[in-house]
Amino acid sequence: MTEHTDTRTGWLAPDDIADARERLPIIYVNAIPVRINTYGEVTHVGLLLRAAPDGTISRAVVSGRILYGERVRDALLRNLEKDLGSVALPRLPLEPQPFTIAEYFPDPSVTGFHDPRQHAISLAFVVAVDGECAPAQDSLDLTWLTPEEVVSEGVRREMAGGQDRLVRLALGHVGQLP
Amino acid sequence: MTEHTDTRTGWLAPDDIADARERLPIIYVNAIPVRINTYGEVTHVGLLLRAAPDGTISRAVVSGRILYGERVRDALLRNLEKDLGSVALPRLPLEPQPFTIAEYFPDPSVTGFHDPRQHAISLAFVVAVDGECAPAQDSLDLTWLTPEEVVSEGVRREMAGGQDRLVRLALGHVGQLP
Amino acid sequence: MTEHTDTRTGWLAPDDIADARERLPIIYVNAIPVRINTYGEVTHVGLLLRAAPDGTISRAVVSGRILYGERVRDALLRNLEKDLGSVALPRLPLEPQPFTIAEYFPDPSVTGFHDPRQHAISLAFVVAVDGECAPAQDSLDLTWLTPEEVVSEGVRREMAGGQDRLVRLALGHVGQLP
Amino acid sequence: MTEHTDTRTGWLAPDDIADARERLPIIYVNAIPVRINTYGEVTHVGLLLRAAPDGTISRAVVSGRILYGERVRDALLRNLEKDLGSVALPRLPLEPQPFTIAEYFPDPSVTGFHDPRQHAISLAFVVAVDGECAPAQDSLDLTWLTPEEVVSEGVRREMAGGQDRLVRLALGHVGQLP
């Protein structure tokens, strides 16, 4: 998982976070942005296009750390704004429980979710987005795909770290898995 | 549970529905209307004030049958409009699964949910409502109460059929049970 | 969906149930039997092999009506016993809410779940089964398949009425969708 | 929240964990042990009796950190064994999603969940326990209480950090909140 703006802090210097990553699981939120119709049914999933430091490009969901002292809901809103811009108008879920827990390990064989840098535990939510999305920071683009498109082989191959599976779990949760 | 507009039908004459009620469980939706803040947290619960045919008055949540050929989401929207008016702007949940199943029996000792007329199985949802609510039909009023108010002894006593407990289950689901 | 033993009743004569089916949604339970390991992870899904009246054979999950006066948990246990035998030792879920609601319509285009005879609303549960299963009644066999096998094209084609999708939703719910 | 056996590690020296606690949210599991009947209904909740370092005694649920490299399911099993002994035979939930997320802050006014030492984010699960429980380590006792008893004023006052509310949320999730 990538995180690009958590440097706003003073809370953890780069050395410290590197240190913690070797010794503690780091807690994240993942948000799958969706468009819905008036019946609350998911019609489209939003995927970010991202360039990794090594130059590879992949599609990804919204992702970021929960900071010290920050509530899960604050972390969700902050990371949605970071990745989708300030007028995306996300509708946070009413319930605090995520639809799944994605456990990312340096070893991809443990759970299928993979992060070479760290053991990350991510609370994953589906978030309906009503407004205009302007991918910010390191995101090159945001694409809205139908459930059929998002589970296609082509799109799956463009996702990394097991996030293609995370999106399928999200679609299952909302009853729209093809 | 009350249902007031299912007479729009021709689908079941009064005699037929009376007949079915003695032999089949009847399927309902219950909706707990809520106001939320920008973080998605429930700040208020909406309760209807209703007069029963016998003249007693009680507070209740939105309730109604699922009709033949009707999807759950359609039944939810129709019954929300019936009880809250046409500009309530309900936001249906993204997921098809209810937060609980309320099983109403003529015998109140079976589950605590009670309906003297029938065995009703109700799919219960929490629904955020953004717009103006104008209680319609047999509803005399709609009151917005905080979670603390809604679980108070006074309000509990004004609810019938176990719906006071249904509201507490709804508050638990969204993490706002006091 | 098939139902084979609801004739134990006297509660509804065949003519009456045929009549109700044209005018009311009929409420069902679906149970997806699974084997789990000591960590609670689903390792296998059990599918029944069934012969339909027209001679076609298909794979299916446990399925049956909720009867008048019967609690959902009683209906689950009764239908599990009907299809898996009396020593299957099913472990019912602790929570009353199903992982999804499958809405079967005579018209397969409405939700993808299809029942030519009726509008059925089914509460779907994943149920861990510890004991020996002896498929009873109209079931010819019970096969335990891994998550990978159960989502394969070959197995999907052997299922009817959208139940292949129901199984994928179940696997998503337990985090084991491949 | 207390944690008593995470000293098995070498993974974090006491100084290091103290350091991390000032700068990162620490991730925990909470498990509410329950007894169930053959229908899967919760009949009793198990509460531990614990002596805090300052000599105060309180009732608590199972609690402990998720360690680096450890899966959530492994952390659940390890902490259940730590608090309930090795023959408790816990049945982990099939689904990876917790019934709620309890966010403990040094400031009790933020969420109602309170931990003076740290910002802890806890994944909370209801876990059916079949075997004999022998409270281990710092736990003085384990008491099984009915849902009615566990929500009584007397028992609520014996719990700390908001765990009385956590237990009510758990009871709501399984439909047994009185």
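As written, the chain order gives the labels A, B, C and D, with residue 1 at the start of each chain.
Basically, contacts are C-beta pairs under 8 Å (C-beta built on N, C-alpha and C of every residue); 3 or more make two chains touch, one makes a residue touch a chain.
Small disclaimer: the values here were computed from a predicted structure and weren't measured.
Novice: Taking contacts as defined above, which has more of them, A-B or A-D?
Specialist: It is A-D, judged by the count of C-beta pairs in contact.
Novice: Between chain A and chain B, what distance separates the C-alpha centroids? Give it in angstrom.
Specialist: Spacing between the chain centres: roughly 35 Å.
Novice: With centres defined as the mean C-alpha position, give me the chain A-chain D separation in Å.
Specialist: 28
Novice: Touching two or more other chains, which residues of chain C qualify?
Specialist: 71, 96-97, 99-101, 173, 175
Novice: If each protein chain is taken as a node and each touching pair as an edge, is the resulting graph a line, ring, star, complete or other?
Specialist: Per interface graph, the chains form a complete graph.
Novice: Which residues, counting only chain B, touch chain C once they are in their complex?
Specialist: Against chain C, the touching part of chain B is residues 11-12, 16, 20, 22-27, 66-72, 96-101, 103, 105, 110-111, 119, 121, 123.
Novice: Any idea which chain D residues touch chain B in the complex?
Specialist: Counting only chain D, the residues touching chain B are 100-101, 165, 168-169, 171-173, 175, 177-178.
Novice: Mind pulling up the chain C residues that touch chain D in the complex?
Specialist: Residues 34, 36, 38-42, 71, 73-74, 77, 91-97, 99, 126, 128, 173-175 of chain C touch chain D in their complex.
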